[in-house]
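Letters A, B and C mark the chains in the order given here, with residues in each chain numbered from 1 onward.
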Amino acid sequence: MRAHREAIAVAVVVAALIVAPLGQGNYIAYLLCSWLMLAIAAMGLNLTLGYAGRISLAQASFIGIGAYATSIVTLAHYPWVLGMAVGVVLCFLVGLLLGFPALRVRGHYLAFVTLAFNSLFFLVARNEDWLTGGTYGLSGMPRPRIGPVSTSGQLAFYYFTLAVALLAALVLRLIVRSPWGRAFKALRENEVRAESLGLDVRRLTLLAFAIGSAYGGLAGAIEAPLVQYIDPGSFDVVQSLSLLLMVVVGGLGEFWGPVLGSAVAVLLPEALRVTAAYYLMLYAIAVILLMTRCPGGLIGLARRIAARPARRRGAAVS
Amino acid sequence: MTSPHLSVRGVFKRFGPVVAVHDVSFDVAHGEILGLIGPNGSGKSTLFNCILGQTAPDAGSVEVDGRRVTGRRACDLSLLGVGRTFQQLAVFPGLSVLDNIIFAAQEHRGGMLGRLFMRPDAGLTEEADRMIEFFRLGAVRNKLAGDISYGQRKLVDAAMAFMAGPKLVLLDEPAGGVNPTMLAELRERLQTYNREHGTTFVVIEHNMDFVMSLCGRIMALAEGRIIADGTPDEVRADRTVIDSYLGG
Amino acid sequence: MAQFLQVLLSGLATGSIYALAAVGFSLVWQAAQAVNFAQGEFVMLPAFLVLIGEHWLHWPLWAALLFGFALSILLLGLAFKRLIVQPFGPDGGLPLVIATMALSILLKEAVKTFYGAEAEPFPSLIPNGDFHIGGAVISVRDVLNLAAALAVVMLLTLFLDRTKTGRQMQAAAQNPGVAEILGIDVARMTLYAFLLNAALAAVASFLITPVYLAKFSNGESLGLVAFIAAIIGGFNRIRGALVGGLLIGVLDNLTATYVTLSYRAALPLVLLIAVILWRPQGLLGDAEARIV
């Protein structure tokens, strides 16, 4: 019954997303693309942190790896798909490596290791001009062609991004609905117990990082042709922190949490028509309040509100 | 005489200057229920952890069905048919009771990559429901394990230990914090399970009535050594055991 | 040799200011198990409070400094504890970490919006000038910064070890349950830790801002350095944070001068990762004190 209702809700939202940019300017389509791009990255972080319970403050660096890989490959006139594949695989492998510290340390310590990793990535991107263009960055990345169809128009690129995002969401959905999803949660809830029941904790922890990071890489593969300009500053620690906020604001370990959280960060300020500076301040205050009142994020809050009248109804019956 | 199910040989473990387990050796036969008693700090839990791959012993070896398992990881032991419960409650509070119990067996199904493509329940719902029925948890089947009573969680914990069909189960203080009615039920369930499946049990327990009525054989530990080994009546009457409990 | 001395001294001078931020970070961590991701902004903000006193209220520098110091303690000490940390209870966990991240955004944006996004000169409290020893040119500011920062840490250590309140604070941080039974007002001791952190951050701010100019984004790198210093030295040790801060200041300067300018920031990061993975209790910490 609940799955049924969710399917209807998803269909309605997808339909809305298909018509949303029609008749709007290029800017709206661009904005929606940035949202979907960040949502993909946040979904990956949600797998690592929300499902598997291992914090990573390095997600922006994986967007960076994906974006640089895609840029370098497409600027050399190879197709986008190749660049994307290189970026995603690279992120998967680097994510696997970043998972090793998570086998030794937890919590704050893991947060600092991953944060340091992100800072190191930033330094490499800034200093290795031959590869990354240094502080000047890389620009002029072509947008992908799908057979005869070019996505260089903003609207066409939006539908391309939407398709990629939906595909990414579907794959993640299949992962977390499979026994793996239960294993990730078991890892989060009680690692020692999970291992005593046969879970290869080591392998699953590494996979949680690798898959989450690969999603960062995929987001980067969208960002490169979307913005058509990348520089190290787009992938610094501040970006990673803001991705973390998106995941937590949406609702940790909630499948749709990252999508909602990134919408709050990207789309809401436009809808409210407040200048970015004021919005960020209000956002920060709202996050603090949300964390004190409802650490489960917006979806947790919605669940709580939804549960309240049900309980009252139940009380009235009995 | 068949070979022992569990064979512990000369296990030794020290933490800094403290010797927690001092050259302990014993065998457990197939289908036996062995109780392990001893005052706090006598080395029972450390011994458990050494057997189960949670702690590496400094010396000695552990064999399950004649296969050396010393130094193997806990997950490997589970796959070899060794289940356990923990002294502290070890359920997954954010998963439903059903999911807790399904998880307890899913890692035994197929390979890691294969599980990615399995049905969400890994085909285990029926089996899990049988386990839920066996432990009389039907009323809380779909509740989060964090939302049910302590006694019920103890039962979930036990159900998880059995779900993968282990041949040998190590129970760390199963009776701790369980109310008397539930206690009788727990003992009855464990004995029934042992009878029906021939499962071997090793039980750490402080509750003397519980352990004496559950087990066919009792081993007493003090300061990391075995000081008595025999039937419940023999151990109850043992001078050294009485001294180590009363004398501290 | 002369150059080496110069580099060493100026490294120690910056390092000692990092140490102030790191020591405060450690104090709050010990007292409330709170990792403050806004610590960098705590060092950024006091300078702007002084600038507000100076430029908006047209007060003389000494009054503006006093105003900045007092307001820092009120905002970053009292209000931070009451409004941000306290609502999360004794174990804030991830939600509290997120809240401090949000606070860091709030402080940055507030300064940017209400004061300005440009770097502002900040009055130096210390006369500029150099003196020469042998071939080395020693900056007066470096010497006095180092002396001031070390004096503050020394006073703090004396306070914590020699006074009744200081010892009560340590007891409350180490074992709040037992401290409560012994009749120590744990809540008050925790508050003192927050106030001290705010004071240390303000002093660090007044010493470091003349060097770098006042800018809303100053906290980004400062915060990171404070974490690194605190963790390298040992999360649970005042002395560790001091050593960590000095070490980073010196290493940073030495790398920049003798090894590589573009990767100067990498060394502390690599050091941080290595320490966490192989010696998580920090260089000066005890293994038992490790809290994960």
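By our rule, a contact is a pair of C-beta atoms (placed from the backbone, for glycine too) under 8 Å apart; a residue touches a chain by one contact, two chains touch by 3 or more.
The model shown is predicted, which means the values in this text are computed figures rather than measured ones.
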Those chains that touch subunit C and also touch subunit A are none
Name the most central chain, where centre means the mean of Cα atoms.
A
Work out the mean Cα position per chain and let me know which chain is farthest from subunit B.
C
For subunit A paired with subunit C, centre-to-centre distance based on mean C-alpha positions, whole Å:
32
Take the average of all CA coordinates in subunit B, do the same for subunit C, and state the distance between these two points in whole angstrom.
50
From the C-alpha centre of subunit A to that of subunit B, how far is it in Å?
41
Within their complex, subunit A touches subunit C through residues 55, 101, 104-109, 111-113, 115-117, 119-120, 123, 126-127, 237-238, 241-242, 244-245, 248, 252, 277-278, 280-281, 283-285, 287-288, 291-292, 295
In the complex formed with subunit B, which residues of subunit A make contact?
175, 177-183, 185-186, 188-190, 192-201, 203-204, 253
Which residues of subunit C touch subunit A once you look at their complex with the stated criterion?
35, 37, 84, 87-88, 94-99, 101-106, 109-110, 112-113, 220, 224, 227-228, 231, 262-263, 265-266, 269-270, 272-273, 276-277, 280, 292
In their shared complex, subunit A is touched by residues of subunit B numbered 52, 54, 73-75, 77-79, 83-84, 86, 90-95, 99, 102-104, 106-109, 112, 115-118, 120-122, 160, 164
